[in-house]
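These notes open a run of structures that come right after.
One chain, subunit A, appears in both complexes that follow, with subunit B as partner in the first and subunit C in the second.
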Partner chain A sequence: MNDPASSVAGALVRKCRRDRVAAWLQLLPGSTFFIAFFLVPLLGLLAMSFFRLVDFEPVADFTLSNYAEVLTSSVHARLALRTVQAATIVTAIVLLISFPFAYTLNFVFRKHRQLLFFLVLVSLFGGYIVRIYAWRSILGNQGVINQGLMALSIVDEPVRELLNSMYAVGASLVNFLIPLGVLPIYAAMQNVSPGIAEAARDLGASRLRAARQIVLPLSMRGVRAAAAFVFIATLGEWVTPRLLGGTKDLLIGNRIEYYFGASLEWPAGAALAITLIVGMGVAAYAIMSLMKRLAR
Partner chain B sequence: MTIMFNAKQLRSAQHHTQVEKVFSTEEDLMAIRGRAITAVMALCLVAAACGSDEPASTTAAATTAAPTTAAATTVAAAEEMGACDGATLSFIGLDGEAGEVELEAWREENNVSLETNWPGNWQQFVTAIKVGDVYDLATIAYFQAQRQIEAGLFHPIDTSRLENWNTMFAGLRENVSLRGADGQVYGVPIAWGDGPFIYHPERVANPPQSVLELSGPEWEGRFTMFDSPIWLFSMLAVGLGFDDGVGEKTYVTDEQMLTIKDEAIKIVRNAAGFTNGYRDATDTIVAGDSDLNLDGWEAMLTWAEEQGETLAFDFFVESGGGGWWDGLAIPVTADDIDCAYEYIDLMISDEINAQVGENLVSGVVNEVSATLAGPGAQIYDYDLVRPEVPEVSFRDQSPPEDDEAEEGIASFSDWLNTWEEVKAEL
Partner chain C sequence: MSDVSRYTEHPAIRLDGVTKRFGAVLAVDDVTLKIEEGEFFSLLGPSGCGKTTTLRMLAGFETPDEGSVYLRGEDVTLVQPNKRATNMVFQNYELFPHMTVFNNVAYGLKLKKVPKREITERVNDMLEVVGVGGLGKRAADQLSGGQQQRVALARALINRPAVLLLDEPLSALDVKLRKRMQLELKSIQETLGTTFVYVTHDQEEALLMSDRVGIMNEGVLLQVAAPRTIYEQPADDFVADFVGTLNELTIRIEKVEGERGLVASGDQERIWMDLPGGGTVGDIVRLAVRPEALQLTPRREWDGSPDLSHTSGTVSDVIYLGPFTQFLVNSERLGRMLSQRVSDAEAAAIRPGMQVIVSWHPDTAFMLAGPAADTR
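After this line comes the complex of A and B, so read on.
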């Protein structure tokens, strides 16, 4: 007969192994999908960035010239600067809107938070292009804002600068990205006990101070994630500037689109895309570090 | 050398069908955007590097797209008409240019199936044929015909197999733009048109006479244009007296290009925005967000009429508007060449082509069709294409290719780079 203790130990080991196998199996679909449809194409993109373009065809002939072109182009430098500026401003605005919203959701209107949370999600349901065209209707010469301003005799003629401008691009992006800002912050705030904020208020802190000194540091992980989502999404943006921006408002994403579309210089486009990806990684790291420091 | 199918070259986009494709593309963009967001989220979850996956997925296609630069080969002798009985034809190209409507009855009669495909953009169009996907028919568009031919996408056309070839307007039939460097015909025009600017007559009392006028303060924020240098630079080259506007291509020196760039900056800075298609440009004018669209298409007048607005078109005095044609070609991957010939011949036959012109709001390609066609096709002046040397300029407004440009002459890449500089300096 086996020793009962060793039987139990053996059973535990077997259960442990089964759990581990189950865990790996659970990871399998997601990992496979991720590898097949993200990592492999990304590696393809990386490989393409070293290709040479010969007679219309990208040829697997190792060259660094695409990166040289990407990194030395003054056009890219200007577009990159414009893009980073836009992404920074959009991220800041989204965070300034999202944090109070999530705070209110979690600490003020707790009874209705499911409904409010649902409303945030509902805004994600709207089609991306539909929204952009809606903004065109809102900001256009015959749009709601211009008609309102004229009805109130604030202006005599429509303000043309509302549409086809960086304002329009920014407004649309903020509108689209707010849910991506709210969701991670709200999720992080779920881990902050309302009692802590109440205790701070009981001890004399204003609601603003409690939010800034108690809730913000405790939900900083969500804020950082939100910042990363919004910043990175804006950095890669090219549809919104194309449809809502003016001729002066194209971003670096439009340059990538140009390489892959109009000019068919895929290797150069791949090099720019990879550079942007690396840049995004660096930028995301910098943002997170900065926010970590600010939270201290 | 690079393939650069820019908006101007894609002049065939002057069809409502293409505009609809533009909107389809926008839907695609929406999906792409969604994937980009998903990718971003995935990035954060796995703490991996990340970015838009659009180029990545494109590249995936590209990396699997093994180059198959097949030299165009002469199509073997074909059988007589009737080759299509029970056939399935696969078409790649612009929606509305495959005789979907016009030949529907004929297809039913002959038990012919037609599969139409549009891969989303011209880059994918090239890729689809290059990777060997089977298509029996394809769109060949004037402003990219030479590049498509040079890329070895199409079989040469044996015009003796087309009964209706000789009735085609000489200005189209004899046009060099249908021919490759080997002198053979590669495309059969099914529609043509000119290149006006479109404006709202109530808001534009005095249409511009020259493209150079658009840099003036009175035009600030009042017009839209395509995001492409070809049309604008070519117009500027003529407007500034650098090019006479009659050669096969637009030749300007590197020095002249600097002047063109300066003028282009002023004009593009004045533009309200880049338009995303002809339908979009129409809507923008109708909505009052612009008064004029450069490089337009007469069909925009029809679309505006449907919305209760009357638009007008005109041409710049010194440079005209240029012309375009769209046609059918037989891809090198074609499976049923005999049927393809029969189908093309039908598309340029009198009655069918009259319908094609009407449906595409484009010029028809032969005399009888011109008399049969409805008002959408009657808007065009057929005297322009009757002479062997057409009066409408079907010249390729684009600059010489990089390997064709002589020392000191701005090449295609120079134009594109200058265009990017223009946009970056605004």
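After this line comes the complex of A and C, so read on.
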């Protein structure tokens, strides 16, 4: 007969093997979806970026001319610069709002944090387009702000610069992205002991200093994730500038849309999109390591 | 400490009618208290009794709804925690995990802009005092429980607070380490002369370390006294029951002689008690005696000493606790009684089933007020 110890070990090995198979099976639906609807189209895009355009038809004929065109265009350089500027400003504003919000949620209104947290989530349900049109009616000539300013006789006629401007784009993006900023920061703060800010205060730190020197470094992982989410989301934006921005407020995303839409230059659009994706990766990495260094 | 004398005209802490509510819950109910400079003062009570809330009002983390808090004579009721000369050792230590031990301890001094050289000197000295010298470069999240406790103590003490507040600082440690830290804390307190306010639910700890103990229950400060007084002359039933173990004897007065009453007499039974307010024959009273006040004598060796209260019974259980042995005795008249004595040869001679006389000096017993509680 088998000795009992080895049969127990055998059973354990079999169980581990079964567990590993189960784990792979659990990954299957998610990864299938991801591969079929994200990775495959992305590879298609990559291939397309090397195609040649003949009579408005992409032809599978290897060329680097799309990249040459995309990278040398001064229009693209200007758009990219503006996009990075916008993303930086939006990210900064979102972080400046999200961190205190998450802090307040986790440390000050601890008792009601579930409710407040739910309210943040609810704003995500609102829908993207609906929100943009809401901003149109807030900032428009007949909007709340202009009507209010006129009622208070601060201005005689509506301020037209409110709508179709970079401010409108920025306000809408900040509004839309705040939950994306709050969620990771709040999640990271869950691991920070609520007493630790008190300990800093007890040792003579003001509220602000306790938040900055103790809570911020301890929730930096969440802040970094929030920064990356918001920055990348803004880099890829094209609907908001289209509907809320003026003709001079378009971002790099609008250029991609133009290539795939009005001008039917898919290979150039693909090259620009791939460039943007690579750029985002580099930017995200740079932000992460910069913030890691700042946290020290 | 040299600067203590400057403040002696004021107590270190004075609480004046302090009340705190959380919603409908009365957490602290009209507490008035003075804590002297250099004192080791403990707030003792079950969880939820308001002791931690009281401590947090001393630290400035809670604001009283009514009443005032004075620190060395100065009204600090509304002063923020970072502006108070108090420092706290938290229950979970709350060390800053992203900093080294040195930087944890130096934090308060850096905020006060103390010169760098002085910080280094004082931090290293303080780490020595609390017994973690040489650990300065260690990350704060790489310490054992006992080390964390010491660093938390150093981080608070280095600011030379007027009062050090300690919120159950030893509760997370294992028994052996806890016992050692109790003695060390007491000795550090005596060396530095700092006023300590110590919150605990462990009565043994409170009695062992404190100059005075305040006992709280349901937000009310029931008694403030030296440990011996708390133990031997508890102010009320709750204190008597909470601190130590009690034998509760419910008996009827049979005879009154002046201020003394004979509450039971019979064959091998006489129980005396003081009746300071006088008493009436026939009254039912509740008498309390500590287990260690009860002597056991084998029945045939009893010499019948008339001054001692005594009753007869049978030993039902012997519980050996190392240095002490406990005996459960069933008395025909008084029910189950617990006796505790040092584990010596005499104690070893007493065995289950033995007929014994349980005796005690009448002065060691005290009367309980209130209705007879359910027997424990």
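Operating definition for what follows: the second predicted complex is superposed on the first by the 296 of 296 C-alpha atoms of A that agree within 3 Å, B and C clash if a C-alpha of one lies under 4 Å from a C-alpha of the other, contacts with A are read in each partner's own complex, and residues count from 1 in each chain.
Operating definition for what follows: a contact is a pair of C-beta atoms (placed from the backbone, for glycine too) under 8 Å apart; a residue touches a chain by one contact, two chains touch by 3 or more.
Everything numeric here is computed off the predicted structure, so don't read it as measured data.
After superposition onto subunit A, the partners subunit B and subunit C occupy separate space and fit alongside each other. Within the superposed three-chain model, A:Ile277 lies in touch with subunit B and out of touch with subunit C [touch as defined at top]. In the superposed pair of complexes, A:Ser193 makes contact with subunit C only, with no contact to subunit B. Taking the C-alpha centre of subunit A as the apex, the lines running to the C-alpha centres of subunit B and subunit C meet at 150 degrees, rounded to a multiple of 10. With both structures placed on the common chain, the touch criterion links A:Ile214 to subunit C but leaves subunit B unconnected.
Residue contacts after overlaying the shared chain place A:Gly204 against subunit C, while subunit B stays out of touching range.
In the overlay built on the shared chain, the residue A:Ala225 is in contact with subunit B alone; subunit C does not reach it. Applying the stated contact rule after C-alpha superposition, one finds that A:Met48 touches subunit B and leaves subunit C untouched. Subunit A has more of its residues touched by B than by the other of subunit B and subunit C. By the touch criterion defined above, A:Val21 reaches neither subunit B nor subunit C.
Once chain A of one complex is fitted onto chain A of the other, the partner contacts of A:Leu243 are limited to subunit B, with no touch recorded for subunit C. Of all C-alpha pairs linking subunit B and subunit C after the chain A fit, the shortest spans 25 Å. Comparing which residues of subunit A touch subunit B with which touch subunit C, the overlap is empty. Partner subunit A is touched in their complex by these residues of subunit B: 1-7, 26-27, 29-30, 32-34, 36-37, 39-44, 46, 49-60, 62-63, 67, 69, 121, 123, 126, 130, 147, 150-151, 221, 225, 227-228, 268-269, 271-274, 276, 287-289, 416-417, 420-421, 423-426. Residues 34, 37-38, 40-42, 44-45, 47-48, 53-59, 74-75, 78-79, 127-129, 136-137, 140-142, 158, 160-161, 163-164, 180, 225, 228-229, 232-233, 235-236, 238-239, 242-243, 245-248, 250, 253, 255-258, 260-266, 269-270, 273, 276-278, 280-281 of subunit A touch subunit B in their complex. Of all residues in subunit A, those touching subunit C in their complex are 193, 195-196, 198-206, 209, 214, 217-218. For subunit C in complex with subunit A, the residues that touch the partner chain are 59, 61, 80-82, 86-88, 90-92, 94-98, 107-108, 111-112, 155-156, 159.
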